[in-house]
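Every chain is named by a letter (A, B, C and D) in the order it is written, and numbering of its residues begins at 1.
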Amino acid sequence: MSESKFHGVIPPVVIPLDANRQIDLMAFERSINRMINAGVDGLFFLGSSGEVAFLTDAQRYHVLQEAVAIVNKRVPVLAGIIDMETLRVIDQAKRAEGYGVDGLVATAPFYALGGPREVEQHFRVIRENTSLPLFAYDLPVCVHTKLDPDMLVKLGQDGVLQGVKDSSGDDVAFRWLCLENEDAGHPLQLFTGHEVVVDGAYLSGADGSVPGLANLDPDSYVAQWKAYQAGDWETVRRIQDKLARLMFITRRVNATVGFGAGVGAFKTALWQMGVFNTNQMREPVQALEGKDVETIVAILKENGLMDADAPIKTK
Amino acid sequence: MSESKFHGVIPPVVIPLDANRQIDLMAFERSINRMINAGVDGLFFLGSSGEVAFLTDAQRYHVLQEAVAIVNKRVPVLAGIIDMETLRVIDQAKRAEGYGVDGLVATAPFYALGGPREVEQHFRVIRENTSLPLFAYDLPVCVHTKLDPDMLVKLGQDGVLQGVKDSSGDDVAFRWLCLENEDAGHPLQLFTGHEVVVDGAYLSGADGSVPGLANLDPDSYVAQWKAYQAGDWETVRRIQDKLARLMFITRRVNATVGFGAGVGAFKTALWQMGVFNTNQMREPVQALEGKDVETIVAILKENGLMDADAPIKTK
Amino acid sequence: MSESKFHGVIPPVVIPLDANRQIDLMAFERSINRMINAGVDGLFFLGSSGEVAFLTDAQRYHVLQEAVAIVNKRVPVLAGIIDMETLRVIDQAKRAEGYGVDGLVATAPFYALGGPREVEQHFRVIRENTSLPLFAYDLPVCVHTKLDPDMLVKLGQDGVLQGVKDSSGDDVAFRWLCLENEDAGHPLQLFTGHEVVVDGAYLSGADGSVPGLANLDPDSYVAQWKAYQAGDWETVRRIQDKLARLMFITRRVNATVGFGAGVGAFKTALWQMGVFNTNQMREPVQALEGKDVETIVAILKENGLMDADAPIKTK
Amino acid sequence: MSESKFHGVIPPVVIPLDANRQIDLMAFERSINRMINAGVDGLFFLGSSGEVAFLTDAQRYHVLQEAVAIVNKRVPVLAGIIDMETLRVIDQAKRAEGYGVDGLVATAPFYALGGPREVEQHFRVIRENTSLPLFAYDLPVCVHTKLDPDMLVKLGQDGVLQGVKDSSGDDVAFRWLCLENEDAGHPLQLFTGHEVVVDGAYLSGADGSVPGLANLDPDSYVAQWKAYQAGDWETVRRIQDKLARLMFITRRVNATVGFGAGVGAFKTALWQMGVFNTNQMREPVQALEGKDVETIVAILKENGLMDADAPIKTK
C-alpha cells in the first residue's frame, strides 16, 4: 500500500433532491455525515452516482460548493470533471479547482471518438492545465473507450495520473493493471468502482474502492476494508456476499432500465431508509414507484437496512 | 415537399483555426460566403463537422455570434445544442437562442443511457424550454442510441420536432421514417447527413441534406438538389458518384482514425484549396501531415477541386 | 452491366415446413415455381431467410437436392455454405458442389474472430477448394465482421470472388464498393440484400438484389429490375415505396424479436396468402400467432397481396 | 461444495498439430498425461482453446475418440457441442455421446439471434435430446448473447443444466449467479473460464475453473485449488498473480489479434516448452513467428516454465 492519502473506501455521493428538483441540503449533509462517521476515507462528488451528466454547470458547482463546506476537510474530496473532449474537461477542471477540492476525476474523451493516441494526449493536456491530483475514470459503458493498462501505468510514471477509478467491468484487465503498476513501483492508486466484487479487486491488490452502494451501507464497506488490511479474507468475502445481495435492489427494478434503475434504486432506498426525503430524479428520468419501491423495501429489510415492521413511505 | 423554410442543402460548417487554435475569422467568412454564393439553402453550425464536442462553451458562442453576423439572414442558421442530458441541453438551447439562430439541433441523451421513454421525454422537455424550431439529430455512432421512426413521427405530429437530421447510417430505417412521415401528413422535414449517398435519401423522399463535404464542393450538392427537384435522376446519380469519389479523402487517411481522419481530411482539403489557411485541429486531435496531405491533394486534383499543377502547401 | 449470368433479382428462398417440422415439398415447389414464373433471375438457397443456421447438415442437403431438382436449370441456383471457420465452410462447399448448384455463398469466419488478414485468407482458401463461382456474403449482424470494399475488389481481381451479396446495412460502404469495382473493371457482381432500399442500391450501380420479401411479391421486384434497366427511376422508386410498406409486416410483430420476427413474418404471410400451408418455424423459434398474425394479414390486404375479404387462416 | 464429480480444475485442452495440420497424437497424449499427472479434476475437449470452430466434424470426432481413449476414465471428460442453432447442436450432442464422454458443453444459439425465450428453449430442447450432464457455456465474445443468471438457476432447478462454464468476463453477474445458485440449493456447478482471475471466482464461491493456461502450468492451478479448499487465501492469491503474469504471453503478441494471439500464444509456448512439436494453427490462422516467439520465450523463462539458458526452437 502506498503512502498516498487516496486509499480505502471513497463513495461516489448520491445527491438528494427536493420535490422541486433542487438539492435538499439537509439530506445532503445528513448523508455525507453518515458516511464520514462510518469511517470512509474520502468522498467522490459529480460521478455517475452523483448524476453528473444530468446537472447544468450551475448545479454542478452548487454541489461542489456545498460539499466542500460540509466535508470541511474531514476527508479528501474528489470531483468529477466530466465532459466530452479535452478543452471542455479543462474548463470543468479549472472551475472545480476553484472550489477547493483535493483531486479531479476525468474519463476518456467521448462523443467524437479517436484512437489511443488521442486518449493519451487528452490526459496529458488536462495535466498541464491543473495542479490537482488527476484520476482517470475507466468507464467504457458511458464513454465507449476502454483505457489500456499499459498506457495508464506510463501516465502514472510520467506524473500525469495519480490513480485510476476502474469501472470497466473488466476484471482481467484490472488484474493486469495492478501487476504492471506494482512492477513499475506503484505510481498509481487503483480503485474499483464495482461494489459487487470489491473483494476480488482487493485480491488483485487494489488500493481502495469507490462503491455507490456505500451511500446505503458505509459501515460494511469500511469493515471490509479493515478486514482486507488485516488479511482476514473470510471476513472480506462474507461482507461482500452480503453487499452483493443488497445490490439486488438495482436488479429487481422492472419499470425502467439503465441509469434510472441503478441510481434510481439507490435514491429510493435512501428515501425509504430515512436518509433522503424523496427519491426524486432529474429529467428525463422518472423516479421509481409502486411495485419497484415495494421490492426495494423488501430487500432492505432482508438485509437489515430497514426494520422489519417499518412502513413503506409514500409521497 | 412541404412549405417549410428548412429544405435543400444545409451544410454543417467546418470551422477554420489559426496557428494558435483561435477561430480564423477571415477564413470563416470566406468559407461561409463561398457556400452561400453557391446557393445552399441554410447553414448548420456546431455539429460534428463543426467540432462541437471539442469547443468550450465560450468558443461555441463565439462561433454562433460570428456566424449569425456573417450569414446576416441570407439563409436560415441552425445551431447544434449538443450536451449530455436534458438540463444541460436546455442550457445550451437558451444561450443559442439568445444569439438569434433560426433553429436548434439536439441528439438523444448520452453518457448515462436510459430506455425509449427517457429519449422521448428528453425531446419533449427541451421543446417546453425553447420557442425555436427543434430538430432531432440521429447519430448513434456518437450517442449510442438509434432514434425510432415511430417516435420521431409522433413527436412531429405533437409539434415537438420540426424535423430530423439523420446520420444514423441506417438507410432502411430512413426509408421507413420517410414513409411514415408521409402517411402522417409530412409533419417533419427530413435531412440526410450522409454525403456519400444523398441520392438514395432523395429517392426515399428526403427534404434535403446536411453534407459535410459541401464545405469543399457546395456547387455540386446544389446542382444535385436542383436535379432532384426537376426529377432528373441520372444527373442526381452522376453528381453523387463524383462526390462519393471526392469523399475518398477521408478513407485514404492512414495516420489516424475516427474524427481526426474525417474532419481532419476536410480541413486539410480546405487548406490546400485555399479556403482555409491551415488544417489546425483542436486538442487532443492532431492535424494531418506528410503522406496523408499528399494523398488528399491527389484526390482533389483528380476531382477538379485543385489545379493539376498546383503545389502542395506547407506550414 | 457485366455479361455474367448472375444478375437481376435472386430471392433467398424461404423454406415451408409441415406440422412435423419436415420440409413441405409441395409448398416448396409451389413457392419456387411462383418466383420463377414471375421472372426472377436466380434463386438462393440456404441463406438466412432459408433458416440455414437452424438446419442440420442432413436437412441442408435435403433442401439442396430438392431445390436443384425443382428448379431444373430454369434459373441459376446459389447455395449458402454457412459455417464457423474455413475448414468447416469447405466441407459444406464440397457437399453443395455435389448437388449440382451453380454458385456458392460464404460469409466471413465467425465465432472465433481474427483480423483482416484471416478474413482474406479465409476466402482464398475456400477458392482453392471448389471450382464453383464464389460469392462473399457481407452480413455483420450475424458474423460481426464487416467486409472491407478494398479487400473485396482485390479478391475479385484475383479471381477469388465472383461477387458479393451485401447485407451489411452500410449504404456508404456499398457505394464505395460499387465505385471501386467499376474502377477495377467490374470484376465483381454486386447484389444488395436489403429489400427495403433496393432502389438506392441500383442508383449506386448494383448488379442485382437478393430480397427476402420477393418470396411474397416477386412480380414487383422483377418489374423494378426492368424499370432500372430501362432507366425509369420514377417507377423504380414507386415500386420500392410499395415494397417498403409491405415490409412493415416484420416491423409490427410484437411477440418476439430478431430472426423470429423477420422470417417468422415472411412465413406467416406466405401461409395466409396460401403459398405455404403453415407458418411453422424451427427450434428454438416459435411461430407467430394471435395478434401478430392479424397485423400481418391487415398489411397484406392494404398492399393487395390478399383479398380484402379473405378470412384469417387458423391451424 | 456439492458432491458432484464435476469440480476443481478442468483445463480446456489445446490440440497439437503436425506440420501437415493433422493431430500430433504423441504430443496430444503427452500433454493430456502431463495435466492428469499434475492432478487436474477433469478435461474439456472441443472448446475455444481446442479450436472447435476450426475443426470439421470428422476432425472433431477424431479428437473425441482419441481423447476418450487416452484419458481412459482417469478423470471426467467434457465435450463441447458447438454449433449455430438448436438442431445442429443436438446433432453434435448425439455424436459426442456415442464416443463415451461424461458431459456436454453448449453455448447460447448464435448467428441468428433471438430473445431470452429462444435461449431458454434452446437449452431445454437440447436437454430432451441427450442423457448426459449438460453445461451452459457463457461466452458472449463469441456468441454475442450473455446468459442471464436467473435463467441459469431456473434451468438448474429444472434439471436442464448441470452447471455453467462462465467465460463472460462479467464478474458482477458471476457473483450474482453464485449467490442465486446458493439460495436455490446449489443445483449448478459453476466454473470460471478466466484464467487470470480464478481467485476472484473462488472468492465468489465457484466450484472450479476451466483455465486454458493450465495447459502450460497445470501444477499451479491444482495447487491453487487445494489452497482454496484449505481456506489459504494468501496462497490462492499469490499463485494467481504468478499465473496472471504468465498470461502476458497472450498480451505481448504483436503480429495478430484475437484467436491467433490467444491460442496461438498457448501453442507457441507449449512448443517451446517441449510439450508440442510445433505451433501449427488451422486455416485461416497463421502460426506466430519471429519476434512474437522470442517474446513468449522470454516470459516463459521469467516465470520458470523454461530454463534460462534454453535455446529458442525453430522449425
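Keep in mind that, in the parts below, contacts are C-beta pairs under 8 Å (C-beta built on N, C-alpha and C of every residue); 3 or more make two chains touch, one makes a residue touch a chain.
All of these numbers come straight from a predicted model, not from anything done at the bench.
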| item | value |
| --- | --- |
| Minimal step count in the chain contact network, subunit B to subunit D | 2 |
| Joint neighbours of subunit D and subunit C, given as chain labels | none |
| Proportion of interface numbers common to subunit A and subunit D (over half same, under half different) | same |
| Greatest separation from subunit C - chain, by CA centre | A |
| Distance between chain centroids, defined by C-alpha means - subunit A, subunit C (Å) | 49 |
| Chain centre separation in whole Å, for subunit C relative to subunit B (CA means) | 35 |
| Subunit B, residues touching no fewer than two other chains | none |
| Pairs of chains in contact (touch as defined earlier), listed by label | A-B, A-D, B-C, C-D |
| Residues of subunit C that touch subunit B when the two form their complex | 169-172, 175-176, 179, 194, 196-197, 199-200, 203-205, 231, 233-234, 236-237, 240-241, 244-245, 248, 251 |
| Residue numbers on subunit C that touch subunit D, as the complex places them | 48, 51, 53-57, 59, 82, 84-88, 90-91, 109-115, 117-119, 121-122, 125, 142-144, 256-260, 282-286 |
